[in-house]
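Some notes on the structure that comes next.
To keep things simple, chains are lettered A, B, C and D as they appear, and every chain counts its residues starting from 1.
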Amino acid sequence: MSTVLWIIFYPIIAFAIGVILLGYGRKFNARVQRRYGPPIQQVFYDILKLMSKRTNISHGWMHDTALVMLLGGTLLTLYFIPVPGFDFFSGYGDFLVVMYILLIPSLGMALGVGETANPNGSIGISRALQMLAGYDIPFALTFIGMAILAGTTNFSEIIALQQAEGIFGWGLMTNPFLGVAALIALHGMMGEKPFEVMVAPHEIATGPMTEMGGKYLGMMMIQHALNVVIELTIYINLFLGGAANWASYLVKLFVLMTLILSVNALFGRFRVDDAVRFMWKVPLVLAVIGVLIIIL
Amino acid sequence: MLTEPVALMLLLSVAGVVLNIILYRLQSLQMIVSFLVFAAMLALNLQLYGTIGETLVLPVVVFGQAMSFAVSPLAFYFTLMITSITLLTVIFSLESLRGKACTQAYYLWLFLKTFGMLGVVFAADLLTFFLLWELMTWGTFFLMQQTGGESFSPAKKYVVYAVSSSMLLFLGIALIHAWTGSFSFREVAAAFPHMPEGMMLLVVLLMTVGFAVESAMFPLHAWLPESYASTFTSLTSYLSGISTRMGIYGLILLLFGFVGHELADRFQLIGVINLRYIVSIFGALTIIIPTFTALFQHDAKRLVTWHGIGQGGYMILGIFSANALGIAGGIFHIFNYMTYVTLILFSIAAVEYRTGTSNLNKLGGLIKRQPVAFLGLLFGIIGLAGIPPMNGFVSKWFIYKALITEGYPFLAISAIIGTLGTILSVYKLIHNIFLGQLQPEYNEIKEVPFLMQLPIWVLMLAVFATGVFPGPILSLIAEIQSSFGLAPVPYTMTGVDPAAGTLDMLVITTVFIGGLLLAWIVFLLGHKRRHVSQYQNYAAGHFLDESIPYNFNYNFYTGFEHIFNPMKKKVIARTEVAVSSLVEAAGDYLRRIYTGNLATYAMYIMAALVVTSLFLKELI
Amino acid sequence: MSEKLTQRKAWDIVLDKLTKRSLWMLHYCTGCGAIELPPTMTSRYDMERFGISAMVTPRQADILLITGYLSVKTLQRVILTYEQMQAPKYVIGFGSCTINGGMYWNSYATIKSLDQYLPVELYIAGCMPRPEAIISSFTELIDRIGRGEANSWQDYYDNYDFYKKNQEHVFGEINTYVDIKDDKVKFGI
Amino acid sequence: MINEVELMQQFQKEFPESQARIKRERRIEVLLPAGRLYEFAVRIQKKLNFQHLSAISCVDWIDDGEYELVYHFWSYELNVLVDAKIRIDRENPHFETITDLWQPAKFFERDIHEMFGVVFEGNEDLERYILTEWKGPPPMRKDFVSRDFAHRFYHYKDYEPQWLTEMQQHSSGGQDE
């Protein structure tokens, strides 16, 4: 029975956490720029306003189905990542599955944005995919390293292994190289500056979101909120020893988010090929060293 | 003896060849006859399910070995693919080739090729295997040069590669015969382990390189993209679907039939690195390099054929990993690859049928006119990129799981690099053809006729069904593995049985559909939405209309252009040119022997006699 | 502005109270007023406190800020941008040029009063009004949305012919590929 | 390096019917008859190496019924600006183009055509590019009164008295504090 309750309410909880995290992010950025900044629930207001827009335009049936695929893919990924108290589905799909279903939302968005027939959107998607190729290689290598170390690819088993030895059992502690490489790659995955090549308002008119208005943009922001939670939870599960209870889980979420936001607030934006070169130089080398340590 | 399905199928394909020769000029009659014959062959093939070892021996005796054919689970698995894909190609080309030039011999070469392939797969001894392998390569050559003109030179290049690879095979077979004294698979397999170390290594190397050329492994892949892409698109789909995988069939036969895993591990070159690992490295390179060349192609067909090579790498990685899951993944990937690559190429053929071009820079926005082709391409690229719930993901998951449990991180990461390269290039493919602004000149085109849509619908269903329920195909593969004495893959109807790993495609798909429903409800919460014309678009205040080309197609990944341009040195093309110029120089030098006056010829004969007399003793 | 008060259900009242806190602004800075916006956004006046942030494309914007005079040529672009925005949308005329021509009152090329061509929600008087004026206008707009009175955008749909006639009088026929009358029927405004 | 005085004497010698004078240091003004301008331009560009045609401007002498076209030539070496002035008829203004000597002349002539209505033969692209929707006469002519046109063409709001007082109460600043 509790799993059915979890299945119904978990997306809402994750959405709430994501919205607060994003609101906290905007407040953090404002305070770094010595501004008062919007209230924490600002992102919630934005999403509500977008969803309540009276007129919405769409560029074709694929534009609508792609948005549904975008949010549907993210909800699918949400269920497959173990969270304290709810890892029912991670018995049916390990992190290899998660790594691939993470691609469904980006493919869905890419198809929807392609359908809007706006070159700004297509340039944004081509940059996003290049950035995906950039950060996903080191990220995947750290996954593989952890899997070989733990001898299994199932999320809950990896967490159990890490929690067995307390703080020093964490992935970050046992092999720091993989931990740091994954952190940099996570930064790219979240699309935070300096790797914010996809939504470049000054260059390509907010890239993929150029032609997204009203409830379409609202759905994209809902997906973004959920995506933030998913990506942070993946990192926590693999390198910060999962979370025994919700309190430590939330603390880890906020600490990790603050770390990423502090870097985001200070950097300008890389060019696409420089960002990809950086991703294939620093985190990839770290990850290779980490993996070599594990095999030899 | 002649009523067994195997004999009937071979007989039918020969009959097909003969019939097509008779009806040379009458295209419509050719179509009907070929369709009926191929349909009959598929029906016969299905009867073969479960029958093993039934041999058909033809009275033809060569070198004391009668041409014999046998059915094995592997043979059934491959013939099932051959006959089904040929039938779909014929159905597709009934419509797509109506009234096209130089298609008189189209079905003739198709039958010749099918006969060759069926023979190779059913062969029970090395001699028939080699003879029909030759016939198959000639069938491929004739299919490639169908459209004449610019499709002839790549076909010639293929012939050079194919002939050299069959020479290596022949040398290998000759060595085996010299040692074991017979050709039939059973005796060869029995006698193989007692072969002396050096000889066995030589045979294995020769035959692996021979099969590698046919399956376009990394250094020997240069012939494939041009030759496949320059013929009719329906043929490109047929060739890249099944023809390249005959090389993989050969590798499976060699590795599991003759050598067996323990022997493969015995060839320790430098302690850790054994033969299997080297071939896997080549497999990994086959994944990465062609996939990233595919990224920069401007023609849809070349992009997909480059991926054909890349996906071959996954199969090699799977087969050469000594793990039940990995081998099953490799063999399953052959089936998956066939389904989604033919689906993609049929969709491209549908687009080419209507617009006349497959150049990615000239197309755009066709989703408004050809939704069925779009859906076909969408299912195909989701399969090709290996994203659930399509079948491409299941076989890739098997291969990754095997590589991780065997502890090969760098092979696994090369496979993931390949997947990322695939995702980038397939999005460029679907974006440049179907998304973006519809060009004014394509305003009036309509959907393709039903006969061309049928294969697309059938393959879409196949890609999705085997993705969610991989059980049936995996049961076939488990049979294959046990027939070679390997541990069968622990499969369940919808994935892997929990002991060996956590994958259940049915749960993933149902949760995905649940997520889609929830997302659809959120979509309906908002107010109504309207479809608008593509010219009502943000252009920074500029007024858009037909005259303004407002598409981003050319040079789609500029970031990667900057990164990869310095690396593009066309090493393989330059080596090919070097080799061909070397051969010409040598030929030119040897030509001088024939000086034309009789005295030198007499002197040559005398010298030959002296040399043979010296070595006469050893030869007898 | 049309005084038609739509009959507002309870949910609309609550919704207006919440969505008034989030407004995204697209400032069409052809005129001289755009220079007043950076100080409004940055740390001294910080309009983001009220949930107002600048957006790039009309699809995402709620407020269209016309900062300064509009020549006949730029008016076409403004109307294209306005029609590409999603309702509810608010036009704010910024500076005296949009009210009655401002210092270009006698020019042959600039339009004199913006509300002949677009339904304007608010005017900010001043020949380049200071950031305090901008912030007070934003708060005024937020209060109006909260009370549910900011529905000047419906006026564009209701008497579109009046606006269309004026537009054609000034620059003749343009094709924005947006059919306002059809939208009015389809969206039921 | 010849200075302005010698330059002026050269002009005086070669173009006797023109009046050349030095307005101030490094500025020469030459009044030419309309027909001799092209010749003057060729001479100044090829021989004296004045590469830069900085502008062509047009002055509307409505009382004399003439337009005055001023060509501003500039030389990088001599650092001297030469203004060649010619007079053409105002009612039916025609003149030849000098785009074959200087490329930028294309836009200066196009601008003058749009604003003053002068037709330059030989300049094939005199199409309107600033006032694309303008249907009226060339607006910079002195006989075109912009204010009257604006009042006829555009709609003005008339200030209602109570509108002003209402604004004062509402705005926080103002006299009443």
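Just so we're on the same page, a contact is a pair of C-beta atoms (placed from the backbone, for glycine too) under 8 Å apart; a residue touches a chain by one contact, two chains touch by 3 or more.
None of the values given here were measured: they were computed from a predicted structure.
Q: In how few steps can one go from chain A to chain D if every step must land on a touching chain?
A: The fewest touching-chain steps linking chain A to chain D number 2.
Q: By count of C-beta pairs in contact, what is the leading chain pair?
A: Counting C-beta pairs in contact for each chain pair, the top pair is A-B.
Q: At what distance in angstrom does the C-alpha mean of chain C lie from that of chain A?
A: Inter-chain centre distance comes to 36 Å.
Q: Quick one: chain B and chain D, Cα centre-to-centre, how many Å?
A: So the centroids are 73 Å from each other.
Q: Taking each chain's centre as its mean C-alpha position, how far apart are chain C and chain D in Å?
A: 38
Q: At which residue positions does chain D touch at least two other chains?
A: Within chain D, no residue contacts more than one other chain.
Q: Considering chain B alone, which of its residues make contact with at least two other chains?
A: In chain B, residues 527-528, 530, 532, 536, 538 touch at least two other chains, as defined above.
Q: Show the residues in chain A shared as contacts by 2 or more other chains, in ascending order.
A: Chain A, residues with two or more chain partners: 52-57, 205, 210-211, 214.
Q: Please list, in label order, each pair of chains that touches.
A: According to the stated criterion, the contacting chain pairs are A-B, A-C, B-C, C-D.
Q: Which of the residues in chain D come into contact with chain C in the complex?
A: 131-134, 136, 139, 144, 146-147, 149-150, 153-157, 159, 167, 171-172
Q: Which of the residues in chain C come into contact with chain B in the complex?
A: Of all residues in chain C, those touching chain B are 57-59, 76-78, 80-81, 84, 174-178, 183, 186-188.
Q: Applying the document's contact rule, which stretches of chain A touch chain B when the two form their complex?
A: Chain A reaches chain B through residues 11, 51-62, 64, 67-76, 79-80, 89-94, 96-97, 100-101, 103-104, 107, 110-111, 114-120, 122-123, 125-127, 129-130, 132-133, 136-137, 140-141, 144-145, 147-148, 151, 153-154, 205, 210-211, 214-216, 218-219, 222, 271-273, 276-277, 291, 294-295.
Q: Within the complex, which stretch of chain C touches chain D?
A: On the chain C side, the touching residues are 72-73, 76, 99-101, 105-109, 111-113, 116, 125, 136, 166, 170-172.
Q: Of all residues in chain B, which touch chain A in the complex?
A: Counting only chain B, the residues touching chain A are 365, 367-368, 374, 378, 382, 385-388, 393, 396-397, 400-401, 404-405, 407, 409-410, 412-413, 416-417, 420-421, 423-424, 427-428, 430-431, 434-438, 498, 501-504, 507-508, 511-512, 514-520, 522-523, 525-532, 534, 536-538, 540, 550-552, 556-560, 562-563.
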